[in-house]
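Each of the two complexes below includes chain A, the first together with chain B, the second together with chain C.
Up next, the complex of A and B:
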């Protein structure tokens, strides 16, 4: 049974790789098409023609475009992502590394809050549909779904950091010299913000599919056979209702890796989203490339994992493979 | 860049100071200077002009400020393009590098020239073309090496090398030779007399580094003489410093300093109110009520000479007609624009700049809106309700500037002019083919003195020739001013130059900035600074202390 799954994995990875190559070309082209150029962006108002020329030479930006692209590709193949073009010109891996760890830590905490909560709330509100509990969860999840992420963040800051209670830090400035795990208290508010922003969709999705599954013939059959309700839910309903939930969670996690700039700004959290924004404004191509590929890879990997999980929890698919 | 450095003020006592007011600065960066200095003597230029003691600094009661503590300051930033190279940091890194590096001269918060690494003001030869500077004796760099004439020579040669991309270079190319006279003395020979050269020595980016200095790769390579030594540098996030206990000047009182960069102003304010920082630079005007209603926090307000003008290229249609330029200046309802674009936190300008320069003509009438006259001037110029212009703007010049452009477009309707506001991406605003080619646009400048900025902005040879300014009468006067050693005479000439700009120049100068900082009441020693470009205190952290 593993080998067909393995085949799927390999095929998907190959497609993923192809996707990444296409993305790298597109991103490179897009950075060239943006108005302005790297040297001007770095020098700002002091970008006089002579200074731009000197800097472009120093940065190797006076070479033909294809040469710049292929020397970058050649670097990747050697495992060298190049150096940032701006400031201290740190290696890209060093620039991204710590921020990636921060982002991953944040995503993990957010997922640990988000997934179990959504799982419990979604399945129970589907089970007790139209009851008081369901009404409560529905209003709550629709409210949070309707609020922009930064509003949720500001409310949490007002509630827990500045105005009402002052038990958590208002900003999540991760000290550069210490591990992010030793600064856990800084992660709670941004993680909670992300969880509250993403959980409603998963809750609604799970509730919907739960309702559908509970009305299906096999659940009716199980109930008629006298299976205890808990077992009906655990054995028969949940495994079938969870497939769309897995897909939603996978997308949420990928979103948390790439798209949480608003949360990073709001909490002054040093993650990769804000780094990508400043890299784009500086036209810092090596950093843009590395980050976009990273985020794209996250989408590929999370989707792949979601599909595999889907196969594993779906008997029909699992057996159909053989 | 902002500025900094403190100078001896109370240690030496008030030796009285001779305020030499020379001017300088450049755009938003810009230097500043220390405070009250004990100054001493000056060369022929010396002369006191503006009087007034700069008795800022020191604690209110006169008691010595308490030592110790860790100052955490929230600043605008978040972009990793800074470096610790003091001669070529990005524009926004100024306030970070100025904690660590110093120039020969500097400025007090109320804009008087003062000595820093120099022992006294330079001796200037009678023809104004030779400057001799003597260093204080006993100065050391952060690595313990003493500061000598060789370091000064090396530093200026490094700035003059085009490969360094030094921001100061444009102001130093007038140097024809730098000579070491003895271990502590250096002579600068100039190609021609230049009354603004003394400001080049006070420019924050003309800092002195040890011989052999190169672009720092590690924090410990950032070696200067300033009050703070860099211990850790994470571009786009934060810089950590420890006090330089061998500092020759004022303070530092705190043991440690951390400057934390924020991309979002709400986060910066939350950090202050939540206790994660003690000070924040550049409070947004909309946040003032929030701070005022929070006990334990105060706001520091600084009137600066920074200005964000509208620029009209005087050789391009329709601005090649002086009547159109004057009409545009008369269109602006300045108080209304300040109210709408800056929530009232700016002070009104009158189409002249270098407002703190002793040569600023204070007697010319404040220019006010006069739509009648604007219409009639436009009519004389051949436009009858049918003039349409494009106004280029961007947040690159300042977050409020696109709003000001919109307000201008509204006000222009009153004179029958259609203004199309074109918002340009901030990454492209200064690029070739845009900046310097716009017929009508916006720009930004710091607290500059007249002769210092003229060179770069009003001459075709300068890098910032944004109004394409050319005027024979003006040019004759300004060139004479550069060669005039006598302060009073030179100031008269500058006044004439400004009057010409008032009558036919290409800038609409409607405001000068007011900068706001907020801080915890536990942090004291903050002084408003006319150079405030990146904050009302110009980042003089060496003077701040905890109570």
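Up next, the complex of A and C:
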């Protein structure tokens, strides 16, 4: 016997998995089947047709597309994304490994800055709706929501690293072999940029949910009963306002995955975002495939987690199904 | 619940409603069935009314001023630029002087002239991308919301798959295959904008379709196309205007970011995003070559977002006034 909640979660999981399969087909089709010719790309324009043929055979490019797709997927499942086509021809997994950890560290610090800030700003501006504070927060979040991430980054560099103050390094020259955590001063500016870029969405979401909860029937009811405002907030408002909060964290991380691309490029940060930019410039197909797949999967997973957690903690959704 | 959208996908009726017409229909909008009043006029007055209402808000006024400032600069700029944007007039990263008021860029070209000539691409490309996104999103959302069959399910799941890519990553994937082409930039960004628009239109269309006036039109044998264009479209005009503004803001951000990454306009073209990339090495010696284009992109994006916010407020205000609650 499956409980209805479990059933709905399993259905979401199945759909998430299906999305990943479709994405893998799309990524493969885009990079393999469309005009970009891999063998010529490696050998250069002057390659003779014979050499191109030989290399295509070596890379397995002469096989039917569906066979290539399945051997590519089988490789991925074994953790093998093939080798880079550029420079040292390192295995892609090896190229990504350390950089992935760097990117995750960057996102984690950014989330640690932006989520608590958003929680405070969002619920306060929701609580004191249409007041001076709310107006201030609203203009601030409209401004930062509109700015492209790299513009925020440039402004921070101008403020903290060059023109006004010179307290933080403008470019992250992280030693590749040492842990990121031992080089914290290099992480601050990129992390702050990411946090400022993603905070507005979290703030608006939390403000909206606070307003919704405070206007709900059960809060009105509690107030009419004469419950002290502090208890109303503690017992009735906050537990319900926490629902979007969990969603916010997951969506925040999902959003940041897109944001890291420009941030890492701007700060020369050795993560997967900067790697993606250089792979696209070099047309390094295996690296592009691996990174896009990785980023899209993380995006799907974060959204999935947000959905499932929401189902689990929303009393209405949980009980409504039984 | 995605809060990138100020307006949740849901019923957004702004249209005037008339109760009890001769045919005995209850709750029929004035422009119903295309039988009486001229439809086009009705529809236009609705969005003009929304825009006029939005202009009462301070946020709209400030946003519009910022936006128009940039548009004016982009249009007039090339005619008043003191030098050609390609001409070497001074030393690389030269300080501001009588020849080059904002100093020189990384190659000694005039920063002021390049700034005055460099805004056209971001403005045109992001407007085109938004237009493509709107057309794609509205058509898919309308069809899915109106048909409500397996087709809708397939369309909406397709949009979900597109949503699984962060915008910029999707466009980078396309660029990695076909190279940094301008049309690809516009098309790629347009496609990534479509899914959220599609969702909003889908939700609104489904709600409107429940309305009695659509049922009435259907039972009278009015064609699907006629119903979509005369009954459903007028009802989603207002949320669509907000969507347009939001997506224009996103498009400006994405296009500028892609230029900054070097995948937009190619050197030696003068382009704000590209300028920031080219000159950032000299940030310490010659800040204006980076600061000015950065500020202009910021003003443009913030302006677009503020206007959108004003329109969204006006829409909610108008709804309250017409008493559709």
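To be clear about the criterion, the second predicted complex is superposed on the first by the 246 of 322 C-alpha atoms of A that agree within 3 Å, B and C clash if a C-alpha of one lies under 4 Å from a C-alpha of the other, contacts with A are read in each partner's own complex, and residues count from 1 in each chain.
The definition used in the following text is that a contact is a pair of C-beta atoms (placed from the backbone, for glycine too) under 8 Å apart; a residue touches a chain by one contact, two chains touch by 3 or more.
Keep in mind that this is a model prediction, so the values were computed, not measured.
Engineer: Using the touch definition from the top, say if A:281 reaches chain B (first), chain C (second), both or neither.
Structural biologist: Both partners, chain B and chain C.
Engineer: Per the contact definition in the header, classify A:155: touching chain B only (first), chain C only (second), both, or neither.
Structural biologist: second
Engineer: Thinking of the overlay built on chain A, is A:265 touched by chain B (first), by chain C (second), by both, or by neither?
Structural biologist: Touch status of A:265: both partners.
Engineer: Quick check for you: in the superposed arrangement, does A:140 touch first (chain B), second (chain C), both or neither?
Structural biologist: Neither partner.
Engineer: Should A:75 be classified as contacting the first partner (chain B), the second (chain C), both, or neither?
Structural biologist: Neither: A:75 stays clear of chain B and chain C.
Engineer: Would you check which partner chain A:239 touches, where first means chain B only, second means chain C only, and both and neither mean what they say?
Structural biologist: Neither partner.
Engineer: Touching A:296, do we find chain B (first), chain C (second), both, or neither?
Structural biologist: The second partner, chain C, only.
Engineer: Quick one: classify A:201 as touching chain B (first), chain C (second), both or neither.
Structural biologist: In the superposition, A:201 contacts chain C only.
Engineer: Taking the superposition as given, does A:91 touch the first partner, chain B, the second, chain C, both, or neither?
Structural biologist: neither
Engineer: Go through chain A and flag every residue that touches chain B in one model and chain C in the other.
Structural biologist: 34-36, 154, 157, 162, 170, 265-266, 277, 281, 283
Engineer: So in the complex, the part of chain A that touches chain C is made up of which residues?
Structural biologist: Listed in rising order, the residues of chain A that touch chain C are 19, 22-23, 26-27, 30-31, 34-36, 139, 142-143, 145-151, 154-155, 157-158, 162-163, 170, 201, 204-205, 208, 244, 247, 251, 254-255, 257-259, 261-262, 265-266, 276-277, 279-281, 283, 285, 288, 292, 295-296, 299-300, 303.
Engineer: Would you tell me which residues of chain A are touching chain B in their complex?
Structural biologist: 34-37, 40-52, 54-55, 58, 84, 86-88, 90, 95, 154, 157, 161-162, 166, 169-171, 173, 176-177, 264-268, 270, 274-275, 277-278, 281-284
Engineer: Over in the complex, which chain C residues touch chain A? Could you list them?
Structural biologist: Those residues of chain C that touch chain A are 1-4, 6, 59, 160-161, 164-169, 172-178, 249, 252-254, 256-257, 260-263, 276, 280, 283-284, 287, 290-291, 294, 297-298, 301-302, 304-306, 309.
Engineer: Across the complex, what residues on chain B touch chain A?
Structural biologist: 27, 78-84, 90-91, 162-163, 165, 167, 215-217, 232-238, 260, 262-264, 266-268, 270-271, 273-276, 396, 424-432, 435, 444, 463-464
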